[in-house]
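One chain, chain A, links the two complexes that follow: it is found with chain B in the first and with chain C in the second.
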Partner chain A sequence: MAGIDPKFGEALKNYGAINFNACYNCGTCTAVCSLSTPENSFPREMIRLSVLGMEEELTSSLKPWLCYYCGECTTYCPQTANPGELMMSLRRWLTSKYDWTGLSGLLYKSLPLTIVAFLLVAIGVISFAASQAFNSETIMHYGHYFEMIAIGAVFAFILFPNIIRMWYFVMVRSGKKLSLTTYVKTSGELFIHMFTQKRSLGCDDNQFRWFEHFILVIGYLMLLFTTVFLDWFGSQNLFVILLGYVESALIFIITVDFVKSRIQKNREVSKNSQPSDWFFVIWLLLMGLTALLVRSFIGLGIIENNLWMYLIHLTVLAQWALIIVPFGKWTHFLYRSFAMYFEALLAKAN
Partner chain B sequence: MNGPSNQLNFDALVVGGGIAGGEAALNLASTGYKVLLVEKELSIGGKMIMLSKVFPTLDCAACITTPKVSEISRHPNITIFTSSEISSINKIAENNFEATVVRQPRYVVIEDCTACQLCEQACPVSVPDQYQYNLVGRKAAFIPFSIASPKAAAIDIENCVLCGACEKVCPTNCIDFTQEVETFQVNAKTVILATGFKLFDPLMIPRYGFGLYKNVITSMQMERELAPTRPFNTVLRPGDGKVPDKIAYVLCTGSRDATIGNPICSQICCMYSIKQAQLLMGALPMADVTIYYINIRSFGKGFDEFYQQAKGMGVNFVKGKIGKISEQGNGNLTLRYEDINEGIVKEADHDMVILSVGVLPNQDASDFFGQDELQLDPYNFIHQTDVLASPALTSIKGVFVAGTASGPMDIPDSILSAGSASSEAISYLIQE
Partner chain C sequence: MKKKIGVYICHCGGNISDYVDVEKVKKSIEDEGGVYLAKTTMFACSDSNQKDMVDDIKGNELNGIVVASCSPKLHLTTFRNVSERADLNKYNYVHANIREQDSWAHSDDKNGATEKAILLVKAAIAKARLAEPLIPNKIQAQKAVAVIGGGIAGMKAAIALSDKDCPVYLIEKAPFVGGRVAQWGNMFTSNQTGEELITKLYHELIKRKNITLFTGAEVTHNAGSIGDFRLKVSVQPRYFTGTCEEKQLQQAIDACPVEVLDEFNFNLTKRKAIYRNAASEYPQTATIDMENCTRCGKCEAICDKIDLSQKEEILDLHVGSVLMATGFDPYTPAEGEYGYNEVDNVLTLPQFVRMLELSDKKLIRNGKEIKNIAYIYCVGSRQEEDGNTYCSRYCCTSAIHTSVEVKKKFPGVYNYHFNRGIRTYGKQELLYAESLQLGDIYLQGDEESLPEVSGESGKTMVKVKDILSAGRLIEVEADLVVLVTGMVPRADNSVGSMFKLPKGRDKFFNEIHMKLRPVETFIDGVTIAGACQGPKNIMESVNSALAAATKSYSYVSKGELETEPIVAEVDAELCSWCDACTAACPFDAISMTNESSKAIALINNSVCKGCGMCLPVCPTDALNLIAYSNNEIESMIDALAAG
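For the complex of A and B:
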């Protein structure tokens, strides 16, 4: 059992937690949460552990990932301790704990550092373009390869080790022994949750939010597939071209709505935005928008004379792939699905 | 209307005829001062006269209140105005307050009424009885309640159909539909504010289903069910008249809750709920009573012993605030909460739920004063300018506060506070 660390709460505030020390342990949050079950009761326990600074228990807990932030806990909290935002902050904190490079934590905590990182990547892209004498054909050729290489490298060196660390914190530390066949047999859970986020349908508010998010995830994954493997920018196939347009348009439309609700703060989930949330949703929006524009420029045959458009797209893409995917909010896509997978495994072990 | 008879002079004006205002008025009157006691309801006695028993002694509330109320009514130095409200108080100088008091017509000459109840029987109109907290009905011509003071009929003109049936049966001809609103100019040398508190309205928390689920009632309604003058003469649930055998108390309904704008403790709910639980165990020996709480605050003299006594009697105490209540087909209720000691979310079934509603400020008094500002505290109770040394002082010299007008407190503290206010008022009167 870990000791008590009152300073932990201060550290957590850097990840966006607000006022959780006001909690007087009435349990209203847990009782109104529609995802809370007798097996997995939260969020009050997480608030208690955060107040006491019991890091080890928090690191090995899956509960932050079991919350899909409908915000009812925050709406009804009699102490305005904002449990919903604490859960969100714990997810950010866990992301940084899983990350072996430690960069996630640095970027979450420091906005200047994040901006520097984005600038460095932009400078890198422009320098690369300059080194190629702004030749559109070679740049677009390498740009296409960059996507594949970046995806492979980020997965192999960052995300895969991080998932292993998550597995270690959660599964190994739990002391539960599970056979490989159980892991294989249960793996369906992983993919179901990865592609449907069906658990969030359990939230009281969530039917439309779930639908938007679902379309966004599917649109994003398909656009990735269309550009990387179907070579959207180079393809002459009408179906592929139209498919890409539809996907990028969907991403743009949905992210515009997400940005709008973060500006209007009209839902609990969008009331407290950290820089990482803004970057994630805005860069996703820019990806959809710039991809759409680049493909239109190609279709109109004006991309050679307007290479700046492609360079903007490549910059956005590089920042996305090198910063947001490995160290930013993108990772929740993986951790949430693995959390559901591990949760199903732990349930089997009991 | 505003003839010379409407110009009245008193030493002290006491606003509010509950237990605090009544006590303060008695103290002043017994010292020889002339007091005007202004009460907006039809009867004095405030909320205490409606209660069943008091904690932690389990004395009968009515048996303490009624002798006091009749002493107030019969005291030669006290004039009582019921159905009357203050419209303004102006401080002209020290020891010189000018108040305007508006008295609503009762349509009954109090002195002539014998409370024979013939008018009640004759009246064809039935409406919910606010003095029984809407558990039962009453007529539009009615005696407010059996131990009311003055014990005289009144006509509820809002609901009256003006059929004249009451007038015909009244043996003393005391019903007078020609009565009008009266305005009085009152000169007083000092003012005591004993405007009391308001009960929290649980309609503000829709997830508890009050008003929607018939078997969810307030603690004040249960207080009526347990009182000697109770409406049903037994404890039953309003939905179907069944005698409940699994009763739940939801503490901190409208207290310690920033979401409804009242973040402070009401100070009385833990104890009155424990009291009601004990009374229920006496009334319904086979019933299970569970109290869901955040913290039990049994801080006063004899309070913790009272709490332990309830535990010993078998009252079930569960740490965890109720998150939401849902109704089953048979009228039973499912309560969802986190059992804090186990850290597990649970659901429990009960056949009757009592919401232990909290104390909210009555802000009426803040509008009385013209040029002088009556300061309120951050929670909109009357601000006590010297809460430790002279707790009855307000921001206006010569105006004193008694009872729950200054904040949540129980009956003994209200009476103490009234004693303090009357002493301060007397010393202010003597200084002149």
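For the complex of A and C:
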């Protein structure tokens, strides 16, 4: 017997859900959705569970991750109940449910708190620079280390436990038993979706959106690799230097386009931007831009006299690595891929 | 006189001619006896064809016409008017239905349909050959209308009739006007309360000198027929000779030792034998309920305007038409239906509406503040085959409106609607939208999975398989369960039986045709309005009241009425008054009369509908139906059988 909670809907509004109460269950959204299937039907069912406040079922559901927000449902909804944004809000809410620290939820719900967190990190970076008497060499040396340590720590203490929690909610609660071999055999799904986001090709809208996103993901991952492991900022190898320039330029160009589209609100997906969306795309843009500038300054040999440029880059990087990656929108990179992986596993269990 | 008959065969666009070869029909009947001209036409009812017909009749001095087209239900009047415009007696026009009874019915057999059309037209020609000119009966119509029922429909109808300068007798059984509407609180969409609405209408009523209002009055006897109804009305006394002073009246009420359940509040509270429902209720004089009064005289001692010796009065009214607006009763759930009368926290929507009206700061039931309310829809409506199968129309809207009102008045309350599909049609959809925005939860069952109410260990639980979430069994703990009850006919509908009003399958009074004649009944001169005809909301009731008022007015406005001359007639020589025909007559149109010291049957022309039920039971063949004489019918049968 399922319990229901009329207060849940109010809580979900803090995660960006708009007007989903207006839903009268006609199912138009599900009918027009090109990703919805009879076995995995959404978004109407998700709206229904949200209206009824069936939290446990929602926590175990992968359906919010199966949606790639083409926005057709929102366009055609006769009640303007905005199913697309409801799915988006459920993804934010799920992210906060998976997060064992509870910080995701706090940051999603409160803009002031998010700003305070960003300021604290900025102050931390500046204080650190001050403690090193603004010596560019040591600061850049530690900056490089920080990148590696931050990635490792965030994965080990935040993201890994959160994925385990997601696995528990989805796989363990489903009651389905799967052998380790199945997990291993199916793991291809995880990586395919992680690096290609191929499911979003199933959306009916402009596939340029997928292409941009694909290039952004590849560019981001490669820039990460180029700076951390190929030491872009220190390298004398022309190929490495050029590679870094290309990657950071791509990130900058694509994120500018994303920001533009969020300002112009020209697609359903960009009409209702939450602070978490803005921070994600703007910080990605800033990362590309500042990395590009820092490397140019290095190339021109003026970085020692213009350490402020590197400090800005380091601040953006630290905010990205300590706030957005573990507790912000960055996590959708992981959860979406794991959702597709778990989905494939559940399909095998049936 | 030899007949010169014109025959018109209609294509009806293609409705007829796609299946019936109309040219062949024309050829086959051209040489029938009496046929002077035969034509086919694309649309017989079109203005141009009507004009041609008039020219044909006048130009060729036709003295009979046959139109073969759709059902006479649609265009009988059209072609009767054509005849009259051409100075031809309209009873010389005969109709053949070759659409509903032929082309539509036999679309699979074109030859057969054509053959049938030929026979139908031949039969009509046979009848036209024998048709005689007839003159409609004229009867006197008393220019006054009795409106029975002083609820919203009756009050509006009375005002509408009065504005047309027609005297009205408004007869209300209860001691106060307003009926059910007076019991409701705030109403959608005007945001007026029922009390305000009724007060406004009452002032309109008493402003008009040609309206006579009787409260505590009942029609006890009816004689006569359209244009000439003779009613006896019994008027119960109020036991007041004037208005007591407010303070005295309250003392008198306080002094009354009798306490009974208060029907105005649907038995939620108690009242005294001397009572009024609301301070502003109309008429503003209180009343005494003599069924429960013990005549102890305590009130009489307090206010000298109280007079327990008043007696019932019987009045005679003479009216030309009767407008029935007797309203409905809310459905009373059976014992144990969704926990009614078994689980403590279960009540009906009308009760809840009263409870809401009577609650001020907190909503309390059995000493506990109410937080969660479950509404169960379609109670007493949309039941299984042998129950009330109809939808009561108003209840979805009423329940949602009430839930919105609750939420506005008591913001902490949560509403759970256990519905079977929401039917808030038209503007009422706005309420549904508002309720959704307020966060009300809608759980939908169907006839296979109705909600269940259980009350164990002090908890009232309602559960249902919600078909909108894939049949998940959902359970809600409710502090109050509101049964959204539908409308049923009045428990005492004897006034309808007195007028022999037919009832539909739903037991409400029945109109002649839901769309074409929505306020008329098979009893000429009696119209119906409001919820006595079937479930209606206030707006729909008022609309039908205005329609019925206009119809009733049309009967009496000229002081004279024309009725069909197609009635039964008695051959005084053959009739031996065996009384067999009176039993066969469904309209009480036959009585006995003495003609030259012989008892024979007498037909009341204004009541007889020309149905012909009396003819076959007459052993001496003394009865004849005008325009359907044995001669005419036999000639038609001959024409049909000859094929």
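In this text, the second predicted complex is superposed on the first by the 347 of 350 C-alpha atoms of A that agree within 3 Å, B and C clash if a C-alpha of one lies under 4 Å from a C-alpha of the other, contacts with A are read in each partner's own complex, and residues count from 1 in each chain.
Definition applied: a residue touches a chain if its C-beta (ideal position, glycine included) is under 8 Å from a C-beta of that chain, and two chains touch if they have at least 3 such contacts.
Since the model is a prediction, treat every value here as computed from it, not as a measurement.
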{"item": "Partner chain in contact with A:W308 - chain B first, chain C second, else both or neither", "value": "neither"}
{"item": "First, second, both or neither for A:F191, with chain B first and chain C second", "value": "neither"}
{"item": "Which superposed partner A:E45 touches (first chain B, second chain C, both, neither)", "value": "both"}
{"item": "First, second, both or neither for A:W100, with chain B first and chain C second", "value": "neither"}
{"item": "First (chain B), second (chain C), both or neither touched by A:Y168", "value": "neither"}
{"item": "Chain B versus chain C as contact partner of A:N25, first or second or both or neither", "value": "both"}
{"item": "First, second, both or neither for A:E10, with chain B first and chain C second", "value": "second"}
{"item": "Doubly contacted residues of chain A, that is, touched by chain B and again by chain C", "value": "24-25, 45, 79"}
{"item": "Residues of chain A touching chain C in the complex", "value": "1-4, 6, 9-10, 19, 21-25, 45, 48-49, 51-52, 54, 79"}
{"item": "Chain B to chain A touching residues, read off their complex", "value": "207, 252, 256-259, 263, 294-295, 320-324, 336-340, 343-346"}
{"item": "In the complex with chain B, residue positions of chain A that touch it", "value": "24-33, 36-38, 41, 44-45, 75-80"}
{"item": "Chain C to chain A touching residues, read off their complex", "value": "414, 416, 422, 432-433, 436-437, 439, 441, 444, 463, 466, 468-470, 472-476"}
